[in-house]
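Two complexes follow with subunit A in common, the first pairing it with subunit B and the second with subunit C.
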Partner chain A sequence: MSRKPYQPPMPASWWLKHPAYRFYMLREATVLPLLFFVASLLYGLYALGQGESSWLQYLSWLQQPWVIALNSLALVASLFHAWTFFVLFPQVMPLRLGSRTLPAWLMVSAQWAGVLLVILALWWLLGGMNADA
Partner chain B sequence: MPSMAIQLQRYLPERDSTPHWQAFNVEYDDSTSVLDALEQIKAEQDSSLSYRWSCRMAICGSCGVMVNGVPKLGCKTFLRDYPKGLQLAPLGNFPVEKDLIVDMSRFLEHLTAIKPYLIAEAAPQGQPHRQTPAQLARYKQFSNCINCGLCYAACPQFGLKPDFLGPAAIALAHRYNLDSRDSGKAERMAQLNSDNGVWGCTFVGYCSTVCPKGVDPAAAVNQGKIASTLDGVIQWFKPAKASRNKEQR
Partner chain C sequence: MPMLNKNASQTTPHRSDEPIWWSLFSAGGVCVAMLVPAITLLVLLGIPLGLVSAEQLSYQRLHALVFHPLGLGVVLGAMVLPLFHAMHRIHHGLHDLKLAHGRLAKWLCYGSAVLLSLLVLGLWFSGLG
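Presenting the complex of A and B:
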């Protein structure tokens, strides 16, 4: 008997089919606002090299509502991405003590604690600078 | 007994060029599984219906179908959980032979490719290979795979690129690589290091959600990325053996 297998198509819209796929695409899409953030950082560096007037121009560019909105989106996106990354981390690098695995929640909270520490350290550093000025 | 409307995806290769939907009604109670419903349809309504099954207790892995678009074992899925009705289709991402029967040979080829067996020196004097509970715990979860292929139906990367080794094959490779009795890791790494190996995965993670055995293939694949990176670093420092992976690239 001859065979005639039917190969189901994989449409470009495959990721709309299930919430798990949409969530995945959202996670991957966080790179877009981050690209904008990186571009505005690079613009800032460039402006700094060009002298005071272009630096001041850069600062006023930064304060435009749409720039603030996009950069806030980048912040939210990076926090969201960090969250997905932290949750996946124990799956990728399970820590073993003998025959037991460290519980995932412990590893996730440790990572958030790390984020908090970095934020506090930055706060302290920048606060120190302000006090000097 | 209450009855439920079931939409079944039919494909009769001698007649059809594409699949179509056919409606059936089945009687069910709290213990009726999707597999029971299929048996009822075949016995009482349409004997031409084709589907696979064997153990009907979630161990042989042959009854995988898409239940309302989600890969499930027919024998482990119950009508009582779908009060709004059911849509049954063959496992996604595989070629369909007939009705709910898919051609799994791609998956099986990938499985063979990673040498899913112990590659080990014989234990001395016919003694058993000894293993501590801690050594067993390292791979035990990954050894629970029943080769049902649900994870392949869940994996968009396999759907887009059928050469991707895929979740279960990589999980099984990882399972043997982690086994203290095994010494075949070097033979498996060439496959795992390639673009169709662990690096074909973008961590969608849905394979682990649908796995009926808690294998967590996504964890295996992504632990495999670390193993593959380390393997690459080791190759870097051992130029004499570097040619081993080239043919895979």
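Presenting the complex of A and C:
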């Protein structure tokens, strides 16, 4: 009991050493653009509460190149995150119909169909049917 | 075995609070995957991408949509749960990168998620009137 146990050194750069670790860190990093997304919505919520002129200011803020760039990054990050989450679902919670387990590809595509449905629903809410834009 | 009972903290099991944070993280993850693509595409990037017109994002329409009872649900799903999702990953990321660990980092991460969520709710309720 008197011997000190060996503790292998673990440098902070450990995650650079294997593709799987880098992939893990990339997935973790998707929350950084997500924080910008939440900040954009926070500003939007504030502007909506202030009145029409602040809202118009907000819409022009959204069209600044750096804001477009960061929100595009947030979009790509959310799709990447969605992909990793959707692939996990059939592994974590396999669904059964009678004695059969639903195939993983079906569950993953059903979730992507959900994403598409939300996009279409929001487009409809924004008057997409009537707009001739 | 009296030796084992010497330390009181060993005899009383400690209940972990991780299930709370992990549930919020997981629920936030689902919301991020389902809601963030639609909102970035059509609202935040809608005009630059040419998918919607400025008229479609008018103050009257957005005010009516957001300050609707169902709008509160969207605010919770698109802002509050994603905040807990993000701060959970940042909390573990700080540990992974050996930048910070322990109680303080945890309090700062989840504390900021709670405070920002209160700000979101405050903005929503004050915008109602």
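We adopt the following convention: the second predicted complex is superposed on the first by the 117 of 133 C-alpha atoms of A that agree within 3 Å, B and C clash if a C-alpha of one lies under 4 Å from a C-alpha of the other, contacts with A are read in each partner's own complex, and residues count from 1 in each chain.
In this section, a residue touches a chain if its C-beta (ideal position, glycine included) is under 8 Å from a C-beta of that chain, and two chains touch if they have at least 3 such contacts.
Everything numeric in this text was worked out from a predicted model, so none of it was measured.
When the shared chain is aligned, subunit C comes close enough to touch A:Gln111, but subunit B does not. Judged by the touch definition given at the top, the superposed model places A:Phe86 against subunit C, while subunit B stays out of reach. When the two complexes are overlaid on their common chain A, residue A:Gly98 makes contact with subunit B while staying clear of subunit C.
Shared-chain residue A:Leu16: touches no atom of subunit B or subunit C. After overlaying the two complexes on the shared chain, residue contacts for A:Tyr46 are found with subunit C alone; subunit B is out of touch.
Counting the residues of subunit A touched by each of subunit B and subunit C gives the higher count for C. In the superposition on chain A, A:Leu122 makes contact with subunit C only, while subunit B stays out of contact range.
In the overlay built on the shared chain, the residue A:Trp55 is in contact with subunit C alone; subunit B does not reach it. In the superposition on chain A, A:Val38 makes contact with subunit C only, while subunit B stays out of contact range.
When the shared chain is aligned, no partner comes close enough to touch A:Ala69: not subunit B, not subunit C. Comparing the two interfaces of subunit A, the one with subunit B and the one with subunit C have residues 10, 15, 28 in common. By the touch criterion given at the top, residues 11, 13-14, 16-19, 69-70, 92-97, 103, 132-134, 136-138, 154, 156, 159-160, 202-206, 208-209, 216, 218-219, 222-223, 225-226 of subunit B touch subunit A in their complex. Contacts from subunit A toward subunit B in the complex involve residues 3-8, 10, 14-15, 17-18, 20-21, 24, 28, 88, 91-94, 96, 98-101.
Against subunit A, in their complex, subunit C makes its touches with residues 29-30, 32-48, 50-57, 59, 61-63, 65-67, 75, 78-79, 82-83, 85-86, 89-90, 92-93, 96-99, 116, 119-120, 123-124, 126-127.
Every residue of subunit A that touches subunit C in the complex is listed here, in rising order: 10, 12, 15, 25, 28-31, 34-35, 37-38, 40-42, 44-46, 48-49, 51-52, 55-56, 59, 62-63, 68, 71-72, 74-75, 78-79, 81-82, 85-86, 111, 114-115, 118-119, 121-123, 125-128, 131, 133.
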